[in-house]
Amino acid sequence: MKRIGIADTTFARVNMGQVAIETLRTLSSEIEIERATVPGIKDLPVATRRLFRERNADLVMALGMPGKAAVDKVCAHEASQGLMQVGILELRPILEIFVHEDEGKDEKELAWLARRRTEEHAENAYLMLFHPEEMVKRAGQGLRQGFADAGPLPKGE
Amino acid sequence: MKRIGIADTTFARVNMGQVAIETLRTLSSEIEIERATVPGIKDLPVATRRLFRERNADLVMALGMPGKAAVDKVCAHEASQGLMQVGILELRPILEIFVHEDEGKDEKELAWLARRRTEEHAENAYLMLFHPEEMVKRAGQGLRQGFADAGPLPKGE
Amino acid sequence: MKRIGIADTTFARVNMGQVAIETLRTLSSEIEIERATVPGIKDLPVATRRLFRERNADLVMALGMPGKAAVDKVCAHEASQGLMQVGILELRPILEIFVHEDEGKDEKELAWLARRRTEEHAENAYLMLFHPEEMVKRAGQGLRQGFADAGPLPKGE
Amino acid sequence: MKRIGIADTTFARVNMGQVAIETLRTLSSEIEIERATVPGIKDLPVATRRLFRERNADLVMALGMPGKAAVDKVCAHEASQGLMQVGILELRPILEIFVHEDEGKDEKELAWLARRRTEEHAENAYLMLFHPEEMVKRAGQGLRQGFADAGPLPKGE
Amino acid sequence: MKRIGIADTTFARVNMGQVAIETLRTLSSEIEIERATVPGIKDLPVATRRLFRERNADLVMALGMPGKAAVDKVCAHEASQGLMQVGILELRPILEIFVHEDEGKDEKELAWLARRRTEEHAENAYLMLFHPEEMVKRAGQGLRQGFADAGPLPKGE
């Protein structure tokens, strides 16, 4: 059994935590879930570290939807730095799954993107914990989570 | 009993610390308050860590009103990073409650916003300490503190 | 007795450290001074931590005058982050007293501002160490160091 | 024997990890390789620290290809800071080998650049571990990895 | 005897490390030198910490020449933050001596500046280690390293 922490927010406009949990359930029966919900993305680093320390997660999916104003971009940057610091201190992987509100051309695409990116990162979480050798096989493939993959560059001569 | 730390500033143009204390009093009789006031938002991280270490707070509300000049935006960014670092080191939640001076269309709205955002975050503080399961129920609801909630996105097909 | 560290620079165009010392002398006879001078503001964080660790300061006033070029603004940001980190690690307050070279309309105003901001922060240092309850009374008053106070916002209805 | 860690991503559009390994094989038979592949560059700091701690690397090559959007530039900045922090904590060198998607004038040049920069940094890795005195001889030579060297400035009078 | 660490890069277009060593030799016979050369400025923080830890430096001069592209400015910022973090952790001074490629009006001036700034900071290194009281005497004098000093502001009335 592996334990995956789910940290998400009340600020997000999609229940990304629930999407993550549903996807993980379809991927493996050997995953236990621990979930914490906080107000916004800047609260994710502390929540994430607590999922590692107090609830023994092996990996955390940190989910959020930063707004589109300049101040929101700064918030996202701060949250990212905090999450990275927690990962460095805990030596365990954190998948930051942020969907910026201006990434979708309308509300419908934005909702689709939030679900799809979460699903694809849930698969990353699964592979990182159970099949890291599979990640190596995918190195340099230009993979994306959400929109279409960029794909590998042509090798040249 | 839970203990909530209140860190605020003499720079702010609204007594946000007092608003926080009054709101917490209406939410529960099982909350003890510890308060520290410092000159500006960049002094909040140290004050916050001391509220955790020396006065045993379970959660800190860090309140401030950054100015509207470019240098003030940088200050707010620095303060946010410092607060996040303290939370990570202490493993306890910090609610950063900043109201930027350019968020209100006039002084009246700004004063209203400072009070309202503080009140709504006081409720978050209460829920996080006493009813974390209630936070999970609110995940992905597009909640905002101050102005109107954005609400959840339509689910699409 | 309390001990206040003074960290300042040879880069500054006003002897802010001397202004700080003279002001502290007028405020209390129970303050001991420890001073260190370094080349520029990016050297202040190390000097500040040494004032805490090796010379036992209870609070440090970190004084500097960042230039007006873009690179100087970045330096000031880096210095601020370093000072904040030292405060968090040492759990003791640091008053960052920076005067940006473009804050004054001419050299005369700039020199006045550097002195005045230092004097007003020396008073903050005194209150924080000897009368923290006085700081709480000033919460939300819109106080500024240097130019005129902004004052509190009208309370609205 | 020395052990070099290779951390790379599935996001990259060139298999930079493989290029690094092939180059190191041509440089020395006294190098052992440990490889980890993660989704994106923000996952490199944790992977790098684990290569030091759990797989005993003496140096890590951290390889990635940030995209060209503004958000990608921020990601690269965050990843760089995280990698630097890991190096500082572990006291062992990390070569950050990033190729920005807008550094090539077309896909062909971009692919060439990703390979060439990786090869040249593999040589740096070799020299740093086996012949640090050779690095000192190259000090101030205006060396670049990928495009042509800038070369030393003329000495003047 | 005092020990000064010299950390420099193969990226720089002037052998700043050599300039530093030659200048220090003229200033005192009581200085021992430890030198490490790395590829670029982002490698300086680790090299600097190792000079403190493994080769027992009392102070490190960290020398580099950031390029003029936007990405180079970000690199310089990251390197500066890393150097500051090392200084804070080690409690020993680091003189960051960076010359930006766009600081000189041509290659000749740039080469001159790189040498001159290094020489003037070598004197700072000497004073900080052997005569810190001399630094205090220079406080607020508007000193610069490289180009002409700004000088102190007129005192006003």
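Here the chain labels run A, B, C, D and E in written order, and each chain numbers its own residues starting at 1.
One rule holds in what follows: a contact is a pair of C-beta atoms (placed from the backbone, for glycine too) under 8 Å apart; a residue touches a chain by one contact, two chains touch by 3 or more.
What you see is a predicted model, and the numbers here were worked out from it, not measured in a lab.
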{"item": "Reaching chain E from chain D through chains that touch each other, fewest steps", "value": "1"}
{"item": "Turn needed to bring chain A onto chain D - CA fit, degrees, nearest 5", "value": "70"}
{"item": "Approximate Å spacing (C-alpha centroids) for the pair chain C, chain E", "value": "25"}
{"item": "Between chain A and chain E, centroid-to-centroid distance (C-alpha), Å", "value": "41"}
{"item": "Junction residues of chain A - those touching two or more other chains", "value": "81, 85"}
{"item": "Ring order of chains, beginning at chain D and proceeding to chain E", "value": "D, E, C, B, A"}
{"item": "Interface residues, chain A side, partner chain D - complex", "value": "73, 76-77, 80-81, 84-85, 87-88, 91-96, 100, 121, 124, 128, 132, 135-136, 138-145, 150-156"}
{"item": "Chain C residues within the chain E interface of the complex", "value": "8-18, 35-39, 42-43, 45-47, 49-50, 53-54, 71, 74-75, 78-79, 81-82, 85-86, 89, 107-108, 110-112, 114"}
